[in-house]
Amino acid sequence: MTDLMKGSYETELVLSEKVSPSSFLLTLSKPDRFIDAMPGQFVSIKIGSGTSPLLRRPYSIMDITKNSIVLLVRVVGKGSALLASRRKGDLIEIIGPLGGSHFELKNGLNAVFVAGGTGLVPLVFAARKWTKEKKPGETHLLYGAAGSDEILADLCMGDFTEVHIATIDGSRGFNGNVVEMFQDLSERGVLPEGELFSCGPVGMVKALLDSNPASFADHHTSLEAVMACGVGACRGCVVPLKSKNGIKYRSICGDGTVFRAKDIDWKRWGK
Amino acid sequence: MRNKNFYIGNTIFKNPVFLASGPAGYGIEYRGLINLEKLGAVVTKTISLMPKEGNPGTRLQETEAGLLNSVGLENVGARCFFEDKLPELLNAGAKPVVSLACEGKEEYLSLLEITSKQKKVEAVELNLSCPNVEEGGMAVGTDPKLLRWYITKAKLILGNITVLAKLTPNVENISSLAVVSERAGADGITAINTLLGMDINLESGGPVFDRVVAGLSGPAIMPVALRVVWEIAQVVRIPVIGVGGISSVEDSAKFFAAGAAAVQIGTAIFYDPGLPERIVDSLEV
Amino acid sequence: MRNKNFYIGNTIFKNPVFLASGPAGYGIEYRGLINLEKLGAVVTKTISLMPKEGNPGTRLQETEAGLLNSVGLENVGARCFFEDKLPELLNAGAKPVVSLACEGKEEYLSLLEITSKQKKVEAVELNLSCPNVEEGGMAVGTDPKLLRWYITKAKLILGNITVLAKLTPNVENISSLAVVSERAGADGITAINTLLGMDINLESGGPVFDRVVAGLSGPAIMPVALRVVWEIAQVVRIPVIGVGGISSVEDSAKFFAAGAAAVQIGTAIFYDPGLPERIVDSLEV
Amino acid sequence: MTDLMKGSYETELVLSEKVSPSSFLLTLSKPDRFIDAMPGQFVSIKIGSGTSPLLRRPYSIMDITKNSIVLLVRVVGKGSALLASRRKGDLIEIIGPLGGSHFELKNGLNAVFVAGGTGLVPLVFAARKWTKEKKPGETHLLYGAAGSDEILADLCMGDFTEVHIATIDGSRGFNGNVVEMFQDLSERGVLPEGELFSCGPVGMVKALLDSNPASFADHHTSLEAVMACGVGACRGCVVPLKSKNGIKYRSICGDGTVFRAKDIDWKRWGK
């Protein structure tokens, strides 16, 4: 059980690089006992010293190396802004690795990753980890952004067999959203058969599911929600799964973050 | 206040630092982050007779120094709790206090029956903030008659098990309700549960929560909790367990000074899971 | 919500942004920092028939995102207020709403008589959080009968003057009290006054305030205020004026979305005296 | 009325110097319209951007020059710590000048100043201002500190005719507290006749008053209290004055900060 290995750690900020107008790549020193994180798992970070903001903020793990944990932080509010203002040498309190399920790939299979925005993060971790450990077949990343400013996929060009980029404003790559590009690539036979993995806005994942990629063995997605405990205790971050009798809630932090896309009750989720 | 054995009712606790009901779930989810063995007790998430799926829609919203939650008593139900969760918590070395929902009268009586048969349950906490499903929907703990009924039944059916009455602060005169609880036989009073609050989503223009109203916890409510504990401690002889916004060792010291015999930590474990242990350490002789 | 003339009772206000009673004193103290002319109204500090010296001991204590105050209705008394303070406030171009203490019945009736003779008073706000000096000491606004009495008398004696009823949130069911107020003839409901809280001085181990209990205001209480305003707006037809913790333009927008016809700014002027004007600006058509 | 001249200003931190283990001298750019502050007046500073701490913090004015406002900040809690961590170039929001009464001296008279800790601040301002504008007789500063670390009087040696230092631990100057030194200097005839001005801990001012310096025409003291509005509106910072009928409260921010020491009802003040 990964569950038993979570811990609370003080890490040091080794490097903070601005990688787009609103995003920062943070490299934290890896605590000795912090081990074995899996793609889709995350850490929760204490942002301020006082009560503002009150809650920790969850961030997916983008990479784990011998000495460091890599995160990607997009500034969207006060917590992320504070985190982005931290400097080399600052101490950062994290809890992790959190998340009770993760992306998995059978040895040798192909993997198609579909990402919107910072949804890229757990997918990059999966690609890197599997390339090292599992010798997958082809790995394709499909990445969607509003415009070319915010293309975070440039951070990980070498981690996939192929990277396909879509921008809404057409300034780079496919002109449209990432699901439209997915359909286009599928129709044109560019994507290999295999497993489908996604992470991004609810609308994106839902559209991807609706686009009915029958040629894929399965489609797993990593979800996000506002979190308090991060360990499945408080029942604050639940997602409704389809169920015959009544509603079936699962916690994203404890049972997720990774779910089969078709198990999710999309009518009730992400309104 | 010191780390030494003390009694509430017939139950002995090794120190006066407990986890509050709810934020820590069944306790076991926090293994690895909180040393449960070291605490006076772990009050488990409120359970009802049958499993409850909880509220739809958004369940959490941060506010200034506070947290609104609309979890809605999601729980696995008494059977699964006693069969699976409680043994695991005991295994982890924790001292459990089982929080019971004060639901409709029939369900409640069955819940008490089941609980009374559990050999490992030494103490319960009655969550008197549960809505009165039979009438209106205000918390059962706002009505002295109901309050008396729920506590009397618990004492009657649970026999030697210690009964804590956890009061809702959303009333005019909580100390009179504490006196009612004491007279009805409660072995201790826990105060406070969350304040009623709400938030608006400015994008939609509507309430953040499907149920509109949610429970406010965290440092924001501490002055209210401290006042309530003080008021209750003036009028009852049974121990008062203080809860509400405790976020530091100093905060806990304020509750002890206000008359609390023990404290519970809720929301703070989200941002500082090491706090309960630090409070225990601060009380070392 | 827009900056346009609107009525509460017979009184016309040019915009829905008011200063709350108390923090800004008689308004005039804030000249130079707040452009009083630009606001919908200035609710003046609660006055009583006779001058009141207020509470001894510490009067202020910061809490997390909140402020406890135990000022105790210190005020110059009706006579000095109407002779000195009100003319100065009018001179400054402000639209006053005069907050009246709901003190003992005799004093209250005299206060109403005096107020009714003031040609310049268009609107009053009844501070129903005042302690019931004749019985117990709980706020008069917690008892529906008293509430009705205070409001009915005000309407009767004040004639055409607009009467706002400012409710205390330290009750179980504020919307029923709002309905009582409406039926008694109130032209508008102001909600909320401070929550009851306290703090401990860890050096002395005793309460910070001589009176032990104090009033909690500021961002910490906003979720409670918002919930109360929402609840009241569901059940009354008269305008609801929202107050409690508003610290930003977004906060005020949440109150309007919850059903408030106007907002009042209290504690926030201490740290951000420019806020009321910014809210007015945000409502420009 | 100085009252009408208060305003809310954004100033720039020009210089922050650590002048003792716990104190910082802050130099703020002076806003154009910020004029005529008097000794005993103060500014109130917005410390954080959020709600922690909630209230502004009051600081006495130590000096006003053509382009700057000088303050002395002792770190005692989270607000002062945050203020001390501000860097050159940071914007600091102030309201001021605040305070409805101030230290006054008749032309040509001698002035004896008795200060404890940061109570020095308004007294230095008085000495500097009067030396420029009033041609006083002799000016003596009596300064008390716990030990030699925290002797802030070194900042203003040249501003007084004479500076007398007392330390409790005897590490420098008179061995004892500042009131004991006052008595000693009085008895030895070192202090000139004239007006007495004080600012410091309640116990100090009270002891000074009790030491009954009959040879002084008058004794004025500048008070401190936790403040909210700073303008006399909220009635949060009142001091009880002696009164025949009932209690008479005056606000320290609006009616003070300066009061005649013997008008204060010391039995009720500063328990």
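As written, the chain order gives the labels A, B, C and D, with residue 1 at the start of each chain.
Here is the rule we use: a residue touches a chain if its C-beta (ideal position, glycine included) is under 8 Å from a C-beta of that chain, and two chains touch if they have at least 3 such contacts.
These numbers were taken from a predicted model, which means no experiment stands behind them.
Note on connectivity: the fewest chain-to-chain touch steps from subunit A to subunit D number 1. Chain pairs B-D and C-D differ in how many C-beta pairs are in contact, and the one with more is C-D. With centres defined as mean CA coordinates, subunit C is found 49 Å away from subunit A.
Subunit A and subunit B have Cα centroids separated by 35 Å.
Counting only residues that touch two or more partner chains, subunit D has 51-52. Counting partner chains per residue, subunit B has residues 64-66, 219, 247 touching two or more of them.
Contact topology of the protein chains: fully connected, every pair of chains touching. In the complex of the two chains, the subunit D residues touching subunit A come out as 50-52, 78. Note for the complex: subunit D touches subunit C at residues 3-8, 46, 51-56, 95, 226-238, 240, 246-249, 254, 268, 271. Against subunit C, in their complex, subunit B makes its touches with residues 63-66, 68, 138, 142, 170-173, 195-200, 202, 205-207, 212-214, 216, 219-224, 226-227, 230-231, 245, 247, 250, 253-254, 257-258.
If you check the complex, the residues on subunit B that touch subunit D are 64-65. If you check the complex, the residues on subunit B that touch subunit A are 22-26, 29-33, 45, 53-54, 56-62, 64-67, 69, 71, 74, 218-219, 247, 267, 269-274.
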